[in-house]
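Worksheet: the structure to be examined is printed underneath.
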Amino acid sequence: MRVDGRAHDQLRPVTITRNYIKHAEGSCLIEVGDTKVICTATLEERVPPFMRGGGKGWITAEYSMLPRATATRNARESSKGKVGGRTMEIQRLIGRALRSVVNLEAMGERTIWLDCDVIQADGGTRTASITGAFVAMVDAMQKLVDSGTWKQLPLNDFLAATSVGVVGEEAVLDLNYKEDSTAIVDMNVVMTGKGKFVELQGTGEDAPFSPEQLQEMISLAKVGIDNLIHSQKEALADVTLSFAQSVAEESHA
Amino acid sequence: MRVDGRAHDQLRPVTITRNYIKHAEGSCLIEVGDTKVICTATLEERVPPFMRGGGKGWITAEYSMLPRATATRNARESSKGKVGGRTMEIQRLIGRALRSVVNLEAMGERTIWLDCDVIQADGGTRTASITGAFVAMVDAMQKLVDSGTWKQLPLNDFLAATSVGVVGEEAVLDLNYKEDSTAIVDMNVVMTGKGKFVELQGTGEDAPFSPEQLQEMISLAKVGIDNLIHSQKEALADVTLSFAQSVAEESHA
Amino acid sequence: MRVDGRAHDQLRPVTITRNYIKHAEGSCLIEVGDTKVICTATLEERVPPFMRGGGKGWITAEYSMLPRATATRNARESSKGKVGGRTMEIQRLIGRALRSVVNLEAMGERTIWLDCDVIQADGGTRTASITGAFVAMVDAMQKLVDSGTWKQLPLNDFLAATSVGVVGEEAVLDLNYKEDSTAIVDMNVVMTGKGKFVELQGTGEDAPFSPEQLQEMISLAKVGIDNLIHSQKEALADVTLSFAQSVAEESHA
Amino acid sequence: MRVDGRAHDQLRPVTITRNYIKHAEGSCLIEVGDTKVICTATLEERVPPFMRGGGKGWITAEYSMLPRATATRNARESSKGKVGGRTMEIQRLIGRALRSVVNLEAMGERTIWLDCDVIQADGGTRTASITGAFVAMVDAMQKLVDSGTWKQLPLNDFLAATSVGVVGEEAVLDLNYKEDSTAIVDMNVVMTGKGKFVELQGTGEDAPFSPEQLQEMISLAKVGIDNLIHSQKEALADVTLSFAQSVAEESHA
Amino acid sequence: MRVDGRAHDQLRPVTITRNYIKHAEGSCLIEVGDTKVICTATLEERVPPFMRGGGKGWITAEYSMLPRATATRNARESSKGKVGGRTMEIQRLIGRALRSVVNLEAMGERTIWLDCDVIQADGGTRTASITGAFVAMVDAMQKLVDSGTWKQLPLNDFLAATSVGVVGEEAVLDLNYKEDSTAIVDMNVVMTGKGKFVELQGTGEDAPFSPEQLQEMISLAKVGIDNLIHSQKEALADVTLSFAQSVAEESHA
Amino acid sequence: MRVDGRAHDQLRPVTITRNYIKHAEGSCLIEVGDTKVICTATLEERVPPFMRGGGKGWITAEYSMLPRATATRNARESSKGKVGGRTMEIQRLIGRALRSVVNLEAMGERTIWLDCDVIQADGGTRTASITGAFVAMVDAMQKLVDSGTWKQLPLNDFLAATSVGVVGEEAVLDLNYKEDSTAIVDMNVVMTGKGKFVELQGTGEDAPFSPEQLQEMISLAKVGIDNLIHSQKEALADVTLSFAQSVAEESHA
């Protein structure tokens, strides 16, 4: 039995509220249990200097936590004058993950900025950010389809992320903060709608893990991600058509 | 007629949602029209180095905007590696304003951190922050009353803030972003429940203003702040008793 | 009776020494009692990036104190690696104040940098900076009139600043450091030669102030600023003609 | 056939030169093909502030590249004034990996700093750093055994790391720079002497990967790490005894 | 003939105005031609962390230029967020030079901060800083003699500095800015009252120099420094007695 | 007798290993006793902004120490977020020294970056850096001669550097760390192949030095530099021809 009564392969309740911030081209509030992240997507009509002239687009992400998202207050990175290692690692992960399902060539020289701001944290903030950022990104992309700039969404597949781990003796899905802090193995998994891996980051700092444990965790992650993508599809019901088409083309290729 | 149909002395709709963030000792979401700020209050059982040993408490504030709170994306101050002048000015103002109604001696050597994070901006973010931070602070203080640490809230009065300005020829109350960007005079006013000034910051960058215009704006500010304090009282209905008592004692002194 | 024997509506002695620094296009040493500020004005034949192509000019200010301008040594902001909140607030104020009397359109795409360096501090450094920076700016502008680039000074009015406050029970003008540190209310006022407000920044951190106290302080500020502008006119006696003309035109409009 | 003629499951030549830097408590130069890293271990008789009083030790790592370790010159992070995201990610990884095989309780309140400085880079610098840092750390630890401070090395197992990836259609071991830049999947694996996983970080930015490809890569990594640990054992031949004992005890527990 | 008509071995006019800043324990304005530097000395009753417990004192210096000390405006180092290489080099030089004539043991655990702020620059700012800082330091030290803390000044000798160089074919003393910018060799010399070298920094970036040129420059420096120390003695006439005594004791040792 | 048995005018053993880093256009490992520095030279086909359009080339240097190059670990400057004063002083010295023998006009608008990274320190790291950087620079320059871009090396002379000092009563050449830390006078000398001075930096922080001591030290430096240039010539035996020609031309002019 888990601390909050869930089965070992059960996600926490997931809610995705689209168009949460009026100014952004795409946005949502994603809630996974008590973890709450505001994700916004911003369209910019240019790419960073290192990509100029290449004709391709770019997806980049920033991640932050409000100081009181956590049980004790964290000093702001702006006050400390530098972005910490954990934050950098997470925002590099989010950007890389999202880029894996985007057809950058089809974007033209445009950037989409994904801002993931955690307003309340209870474990799994980086994976919730990826799952929510995907939805915000689709909405921002749809704006360019609606305006006729793009014929279809430059997307290859759905994308979601979750965490798995070993708590006590058991492999479990979607760890909350209490579980995360006692887990001996912790793994974040990002997968596509077709069930392929985009990122796999497993750490056994407190105890190394065996190949068998790896298999178990991967199976749980697959279950969780299927459910998360189901939630994304429901949230994006009205844009499914053009998006499904874009995915369909890809899968026939 | 104003751009959004309000009378010249009319506030935008105000909503205060208490206990918005589960981890914080006090918190609220304050909405003034489309301006939305998450205010949290954190209790810390020590004071900053420059105050140690003096037996008094301290109130300090930090202010920030999510990158996409505004119509175009603003770079994060953490990424830029420094806190900008506007942010510093605002967080100094918030801290100073809140301290003016707190009995620091009665706090003992404790700090209350007030974090004001703007998630959506439409003018008046600093004044909404002050009005919301007051509510979050009361809730955090009440925790120490409930635990028996304090006998009563170390507060002298209510406190709220609003903006006034001259748009076209007319003095108006509570400017939204569109009004603010065309105003020739802009003034932020912080007042107590008893109608005294705590801060008055008026700027006539585009055109200097006359003593008569100053009087007009001050009158409007008084109307707005009375209404805002009314909203605070409604939101804090269940803590009013012990708080009203503390104010009463003060006013008899 | 005030600590230095002045009447409540009396300024400290004011001295303005023009052309204090040989390299600058305009400069002065302004002394207000024991407060001494070197103000220089630098002409630059371009505007900051955010203004390019708009055809208008820009006025910007920087403010600093020598480490030993004060009773105890302050660490340099260059050594600390960042400009503090107080400094930013002051330099934003100086720039905003000076811009209010300048016709930016008439300047063309040029910047005037105003550097205010406090070499000795005894209260009122920010207001002395504004009063002195005005004189340095006029001299720099006159250089472009002399060279035939401009037909007249792009100025609408004189500009000066002073502080007022409540010390003990009494409202007083031009607080020195000793008064400032015991004042319960502190207000900085920037006014034009025609008696209009450009900035009004009052703070009652130690005790909120009433509308009556506000009126008293404003009246004192008016007296002080009239005297400061008189000192500016004496100092600028030889450039008065063309400058008066420019003001005259404005006042007939 | 691979670009340098290796078989798909073949490491590049590995050389470990112990005691490379005379001042350090432990040090080596590790060469994996043309990748060359100087690893030093420094003993410090205290732990970082967040661990004081807990009685446990700490292992931390820093990683850097000389500007001309790579084909084109990289600006120094000291000149840029901040440590980049990639560097932070790598040094966090190295520290976490090494801690996984150390008995921190048995260390007492001591820190071992591991500095990994890449003097020449040709792919796989982070995994070579981990493999080399292990050797430097053993030598530093042995100093405390020799001095009688510790009875035995506070180590649970050997530790090494390598990279695997998919280049073209084929999974390959130990990618050099040329292979790395064309790989569609890239995975870093850290394993213990007993064949358990400590870290697994796989990225399919250019193309997501299937569960089958994951299995293939993991098998190759196991082969590589067995060989690397063989090289470590040869290099550490003279300290093997006491070290093997410490591992033996652990495995009987 | 030199650009300003001086003989090759002639200093510019030197003026030292003591007690220039009222708050500092010691201060002067030193003018060497058009180069003007405010030097202040601050007593602090502790030493930096790396010296605590050693019973010795410390002398440290900071150097800065006002932005408009020079012909074109220099950005402030506080705005740039870091102290440049030239500034660091100069402040290290000033501190080292002054320490060479101070008996640090006799100071007890106290620091003297020397702040040298160039308000107008025309060549030789670092050497004028050293010469002026010596005077400010003597005044600050005298305060501790007057208060009875020290029996005598903890000084071994006078100290002054000047520049010499090769302009065209000729070796010249005390280069102004115009000469400095065309000099092919530039040398700064710091000497004691007894004619010994404390620092010698010669640079032949544009053309290396011969041993003969070195001799010529050293002879000129000696002439200049004798004159500068004469100016210091005149300025310090009233403190000469106790100071001369302290030097006398030293020279008998 | 010196601590390591050398005569007072004897250098430590010098080894120069060319082409030490495969990616750099020029590189060497220079060993002077136990001091070991990796020097690389990087060609860049442009000059810094302040030199653009002038048709001339530029030589610039960066210097750093690995954290454990010294007896105790030094924190990295990248971690501290700023380059220290000592480092800046040294890299400015190296750049200036190397530029003195280069014909910048003949380079065209190209930059050569010289990176000097100390991997093991035992005194004299800055002078070893200069001596080694010269060799790396020659190799990088030769690449442009070989490619036909330049007809000959844009060099005027050889260049090397050493330290001299007074230890106890005696002047000695090439101080190791133990000697350096007890020396009362310390001087770095940079000279050309023709025996002219490029830099002379002498410091008598612990005791000022006499003109006679200066002469003695200069004589020793000359001996040391002749030997160091002999080592450079041996190391560069295969490029001597074209280089000697360039020096010859210069000496006939």
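Per-chain numbering from 1; labels A, B, C, D, E and F assigned in written order.
Just so it is clear, a contact is a pair of C-beta atoms (placed from the backbone, for glycine too) under 8 Å apart; a residue touches a chain by one contact, two chains touch by 3 or more.
What you see is a predicted model; the values in this text were computed from it and never measured.
Common neighbours of subunit D and subunit E under the contact definition above: F.
The minimum number of touch steps separating subunit C from subunit D is 3. When you average the Cα atoms of each chain and compare centres, the chain farthest from subunit F turns out to be B. Averaged C-alpha coordinates give centres for subunit A and subunit D that are 29 Å from one another. Averaged C-alpha coordinates put the centre of subunit C at 52 Å from the centre of subunit F.
Averaging C-alpha coordinates per chain places the centre of subunit A 61 Å away from that of subunit E.
Contact with two or more other chains is made by residues 81-83 of subunit D. If each chain is drawn as a node and touching chains are joined, the picture is one closed loop, every chain linked to exactly two others. Think of the chains as beads on a loop: from subunit A toward subunit D, the beads read A, D, F, E, C, B. Those residues of subunit B that touch subunit A in the complex are listed here as 21-24, 27, 34, 38, 40, 42, 44, 62, 64, 66-71, 73, 76-83, 87, 113, 115, 117, 119-121. Partner subunit F is touched in their complex by these residues of subunit E: 82-86, 88-89, 91-92, 96, 99-100, 157, 187, 191-192, 194, 196-211, 214, 218.
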